[in-house]
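The structure is given below, and queries will be raised subsequently.
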Amino acid sequence: MTSRADVPAVKAALRSQAVETPSWAYGNSGTRFKVFAQPGVPRTPREKLDDAARVHEHTGAAPSVALHIPWDRVDDYAALAAYAAGLGLRLGAINSNVFQDDDYRLGSVCHPDARVRRKALDHLLECVDIMDATGSRDLKLWFSDGTNYPGQDDVRARQDRLAEALAAVYERLGEGQRMLLEYKFFEPAFYTTDVPDWGTAYAHCLKLGERAQVVVDTGHHAPGTNIEFIVALLLREGRLGGFDFNSRFYADDDLMVGAADPFQLFRIMYEVVRGGGLDGGVAFMLDQCHNVEPKIPAIIRSVMNVQEATAKALLVDREALSAAQEAGDVLAANAVLMDAYDTDVRPLLAELREEAGLDPDPVAAYHRSGWARKITDERVGGTQAGWGA
Amino acid sequence: MTSRADVPAVKAALRSQAVETPSWAYGNSGTRFKVFAQPGVPRTPREKLDDAARVHEHTGAAPSVALHIPWDRVDDYAALAAYAAGLGLRLGAINSNVFQDDDYRLGSVCHPDARVRRKALDHLLECVDIMDATGSRDLKLWFSDGTNYPGQDDVRARQDRLAEALAAVYERLGEGQRMLLEYKFFEPAFYTTDVPDWGTAYAHCLKLGERAQVVVDTGHHAPGTNIEFIVALLLREGRLGGFDFNSRFYADDDLMVGAADPFQLFRIMYEVVRGGGLDGGVAFMLDQCHNVEPKIPAIIRSVMNVQEATAKALLVDREALSAAQEAGDVLAANAVLMDAYDTDVRPLLAELREEAGLDPDPVAAYHRSGWARKITDERVGGTQAGWGA
Amino acid sequence: MTSRADVPAVKAALRSQAVETPSWAYGNSGTRFKVFAQPGVPRTPREKLDDAARVHEHTGAAPSVALHIPWDRVDDYAALAAYAAGLGLRLGAINSNVFQDDDYRLGSVCHPDARVRRKALDHLLECVDIMDATGSRDLKLWFSDGTNYPGQDDVRARQDRLAEALAAVYERLGEGQRMLLEYKFFEPAFYTTDVPDWGTAYAHCLKLGERAQVVVDTGHHAPGTNIEFIVALLLREGRLGGFDFNSRFYADDDLMVGAADPFQLFRIMYEVVRGGGLDGGVAFMLDQCHNVEPKIPAIIRSVMNVQEATAKALLVDREALSAAQEAGDVLAANAVLMDAYDTDVRPLLAELREEAGLDPDPVAAYHRSGWARKITDERVGGTQAGWGA
Amino acid sequence: MTSRADVPAVKAALRSQAVETPSWAYGNSGTRFKVFAQPGVPRTPREKLDDAARVHEHTGAAPSVALHIPWDRVDDYAALAAYAAGLGLRLGAINSNVFQDDDYRLGSVCHPDARVRRKALDHLLECVDIMDATGSRDLKLWFSDGTNYPGQDDVRARQDRLAEALAAVYERLGEGQRMLLEYKFFEPAFYTTDVPDWGTAYAHCLKLGERAQVVVDTGHHAPGTNIEFIVALLLREGRLGGFDFNSRFYADDDLMVGAADPFQLFRIMYEVVRGGGLDGGVAFMLDQCHNVEPKIPAIIRSVMNVQEATAKALLVDREALSAAQEAGDVLAANAVLMDAYDTDVRPLLAELREEAGLDPDPVAAYHRSGWARKITDERVGGTQAGWGA
């Protein structure tokens, strides 16, 4: 089995990996059928940060938090950033939201009406203002734009409108800021989606410039799509900006990353390692919904799942793999990969945590901490945070 | 092309076909991302019936309305039935709802906790009480029950619990009442669904008795599933209770029936015709969401789409088809079917409507009627009906 | 319904549309389970052309024939071209084949072994030599390259090898020659495919130059993929080289185009019309397998299906559509499109044929011609053409 | 992590598990595009058994071999059984083949022509004769029957014909013999398949009797289908006859079991364990194609993959799982399952092998044995076995 010789390097790589958690995952979420409320859910952006600080405290691997505007709208973003810093956190990617206003029924930046497009664009530009205040590097753009019926709108004209809006936003980016463009196969649009696949996102990014990058949400593909292939391609093109991690059995289920297909997550992380994606240019973000499970421990578990997949990816004996590949030895090459995957990396990660002064079992530590009881008791009254803003 | 010789029989069959519209389709709906409110949407069950009466007035083919409990809960169901009768309508299937209470986070009749199961069962039994009051024939059961994560619950124990609840409800059914059991591939559960396919629904119905029948929602299948095959099988087994019609490009998109794949709808209706399903035993119900389009004209259009598909199915030259099939002439057999499909049946249906004293163009007639303006003006204040009860 | 005012323009457009038939569709084909032999199947490239001439004779719309090398290898391609000309045909796209030699077990131009890559490249260059001899404009490249198991080969290295081979071939193209790069979701490779989607093909074409274009095989997508969206995008980018038409219910079923989802074919042709794709730059090719049905009438039917979809697409009232789209009237816009689709265009096409001196019913005319009996009687002995070269 | 306390019971269960290998997996296979020949492939049923004996020698877990008729047709089946016994093997399930004769172009037992149906039925009955001679318990029936085009044949009439044939075969079964009915989503038929899903197979088995059982081929489902749910259901109904194991990323890829989604294989084996399926009533068969990898080590690896998944399934702490499930603790229940899955069971299986006097690493032992070189040297001339009979 896998030699332990490379363990120090593996540990160093793991120590450097940061997983960004999304503010909205601490709030309520659900399906179109029902949002189940959970006790203790945060009511304000600061309470979300309080919860995120627990995740980072126990994992040591979740130092930044993505915001979603307007769900996390505050009067003073610099103050929010300072609050985060006080908790040992950074504010991460700013996520725009141009899908929850009645004006956006037929789209936002792709809407047939110029007034609506302008409104959407203004929101995107506002998000860059917020980035200036929070010091965020990444603007994450997801557009729910699309159509439900054949003929509803002109596919090509919508592309033109999209390109125009993206150019205006790109132009506005400051030094060191990036635009991450997300694609999604379907939902909430059910016939066309204006950015449905990596190819569309890539084509737009190419025209914008180097700081326009594609973000891969692992739940946003057609059935059977080989995601790690896309990851390898985007890294080869220098266009992989980051991940929105989650997992799914069917569509955009938004389950805990690694829960549905841990082998797929490993293969994805292998391509990240192979393509040099651990060097900081690729943002590892979670984007999940914890509809039936408690949120904080689910997020802790998700961070751990990313770490375990990364650890296994790092344990792949690259030299043996290359040798088998070059020899055309299919079974040997596959066996090298599987050897790493079959390894139980939990002891390694437990060791890593202990070396960093953390509890080897973050979930157990969280449960012992009493935080769940504390927030259930204290967060009474007010309006729980949720997707509905 | 298709001989017109059989037109009188085709018209007679079309005149006898009734499409049931769902009360909830007149209210607001949406995705988990946003419910877009529309002006003029009903605020009460009676206002829903008022709208349904417009659909029937213009199509002559939508005489009954399905209710959803608790969305359509009223104090006096007999009075509601009388109100419907006054509009020329009947109350149709009673649809239970055991998915929108916080208690149902982990399921309803399959929930691990007996208290929750009892609560869900009580609701189902209440629905039969309501059927007694409304004179409805059909109880439609859809369970959102399932799990999101491997291990979350015991698949087999959940089947046992499901069987127990179904038996209790079946036992309660009165003379002439039926139970229609719906299946769904996924959503809102994302790992297992307790009734995920026709086979599961069929197996339960078999054990219950003849009045337990399977209902086919055309949006509830895995990608690529041949729905008309299932229809043919269930008719052969005497277990096709009805349809929940809608259409989809991806998952349970709930678009207007016939909008995404009109050829599929035709093939389904062909199997209905072939299997004797136009004789009254199969309920033709719509179950759709009009998220971005106005509801009443969308429902009118949907009724028309069912009629057009049925008309084409009736026009298939069955004798020529059988001859080609028996001769093993693949292209000739396919051509017989396509000949009917390629026929423009809109003139035939226009004629049928005129013979019945209706406008040949129901959508245009609706637009001319001024109803849309009237409800926009009058339905001000109050809470618009929607999925959220 | 659709105004007939634009009929002359529609007819002119239809008269100018040419559908290229593939030589291999006249030979035997099948699945991995069985190739069913059919009587009268051609044994030589010339006999394939003889059959193709029948298709063109009866449809007037299939003037060119694609070749597949080595299946159509002859000593003298100029003589073959002359033979075709004598039949009123042209030789069309040259299709390379780098998947049927034992050397290609692990790939062709992406193979880990440089010797195999060289062999594959030599074949591609030979295909350009053949184009020079036949006067063909298009080189169609489909690579079955990929892997079956995770780890089997390095995804990125394979892209590098692919890029190198494509550049060498592109360099070799003569004046007026184009390279059409095909993508395919899966099969025969079952884990990764080296050109799995339009994005990958597009990215390579971009780097090569303007004469590298993407070809869309309508059976080569993930379930649920919106093909017309891709068509619209590629036309917007000036990168749609052509189609390989066929239809499918599941995977790459290679059924007659329009047989599985005629509405989809119409939507695709609408985007072609909308994007200016009828001007000659887009090649309309068939790529089908007639496993259980007789080949010549199946191909005639396929040509007719393309014509019918095109006719409907041309009948769309573009002005009314734009007006409804700009007004955000979802149902009206959809209705404009559906009005064209629901129109029975068979009379229009019959008229068009009669105006061109053809039988209005090409299939019936073929059956009356006696050709099927003739080839069954005469093509006795020898080896029937098939995929196996 | 998982307590070691239950290891003796786990080992006992593992020792009792037998995996049946298919004779045809030792021969050549491929896709419709190409069958790549491999050196040393068997030319006769006896040579296939010789190879199968190597698999059993190194794993100790593959004592029986399934036959495929006519691919394994011999004059004297009793002699073949004796030959197998001499190698320490048993002959297992008899697999019928009614798809490779030109007569079966439009189906076998569902064919519109009674003559072809009779021919197919005679073959099925012959297979029972062979079972009598070989002492096989199971007759495995897979029908490629279906249609490629809408209208091609009558769906319901085909079901009637199928039922008639199945009844005739069931009637012929001797004491202790079973009929295993396989279903498949699609391929080689591309529109309808006559037994496309478990529901259809189950409905037929119910009517036949208790010895008619459903067999689950893990590659025969629609995308996204939850296979372990079907396994749990069939076990609950007493109708799970066995598995045809393999794995897939897309369709019926027939890759090595456990190669595409090892977590799914674990979940399936967990439901088998949970449902009492390790007691002998469920046949664990492989049905794979080794198109690009050498066959014998691929089969050894596949047997090992089944063992590893079973070992993990057996390690699940059932008591802890039930407790978490009953408490509605989603994350704890999932964690119990994942704990077993994340465990590296390779040391346990190595130990088990050593206790049985086997090499702990079967693949390495096979490579050291020199068998591959021996068969490459000796099996020269003749015709290699393959799917083509």
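Note that the chains are named A, B, C and D in the order they appear, and that numbering of residues resets to 1 at the start of each chain.
In the analysis below, a contact is a pair of C-beta atoms (placed from the backbone, for glycine too) under 8 Å apart; a residue touches a chain by one contact, two chains touch by 3 or more.
Per UniProt, the chains are A, B, C, D = L-rhamnose isomerase.
Please read all numbers here as calculations on a predicted model, not as lab measurements.
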| item | value |
| --- | --- |
| Graph distance between chain A and chain D, where chains that touch are linked | 1 |
| Interface residue identity across copies chain B, chain D - same or different by half | same |
| Recurring contact interface, reference A-C, options B-D, C-D or A-D [over half identical by residue number] | B-D |
| Distance between the centres, which are taken as Cα means, of chain B and chain A, whole angstrom | 38 |
| Where chain B and chain C are represented by their mean Cα positions, the distance between them in whole Å | 40 |
| Set of chain B residues in contact with two or more other chains | 106, 148-150, 152, 185-186, 191, 223-224, 226, 249-250, 259, 263, 292-293, 330-331, 334-335 |
| Residues of chain C touching chain B in the complex | 1, 223-224, 226, 249-250, 259, 261-264, 292-294, 297-298, 301, 308, 330-331, 334-335, 341-344, 346, 363 |
| Residue ranges of chain A in contact with chain B within the complex | 29-34, 36-37, 99-100, 102, 104-106, 144, 148-150, 152, 185-188, 190-191, 223, 248-251, 253, 255-256, 259-260, 291-293, 387 |
| Chain D residues touching chain B - in the complex, by the definition given at the top | 106, 112-113, 148-157, 159, 185-186, 191-193, 196-200, 202-203, 206, 221-226, 228-229, 232-233, 235-237, 263, 267, 271, 274-275, 321-322, 324-328, 330-331, 333-338 |
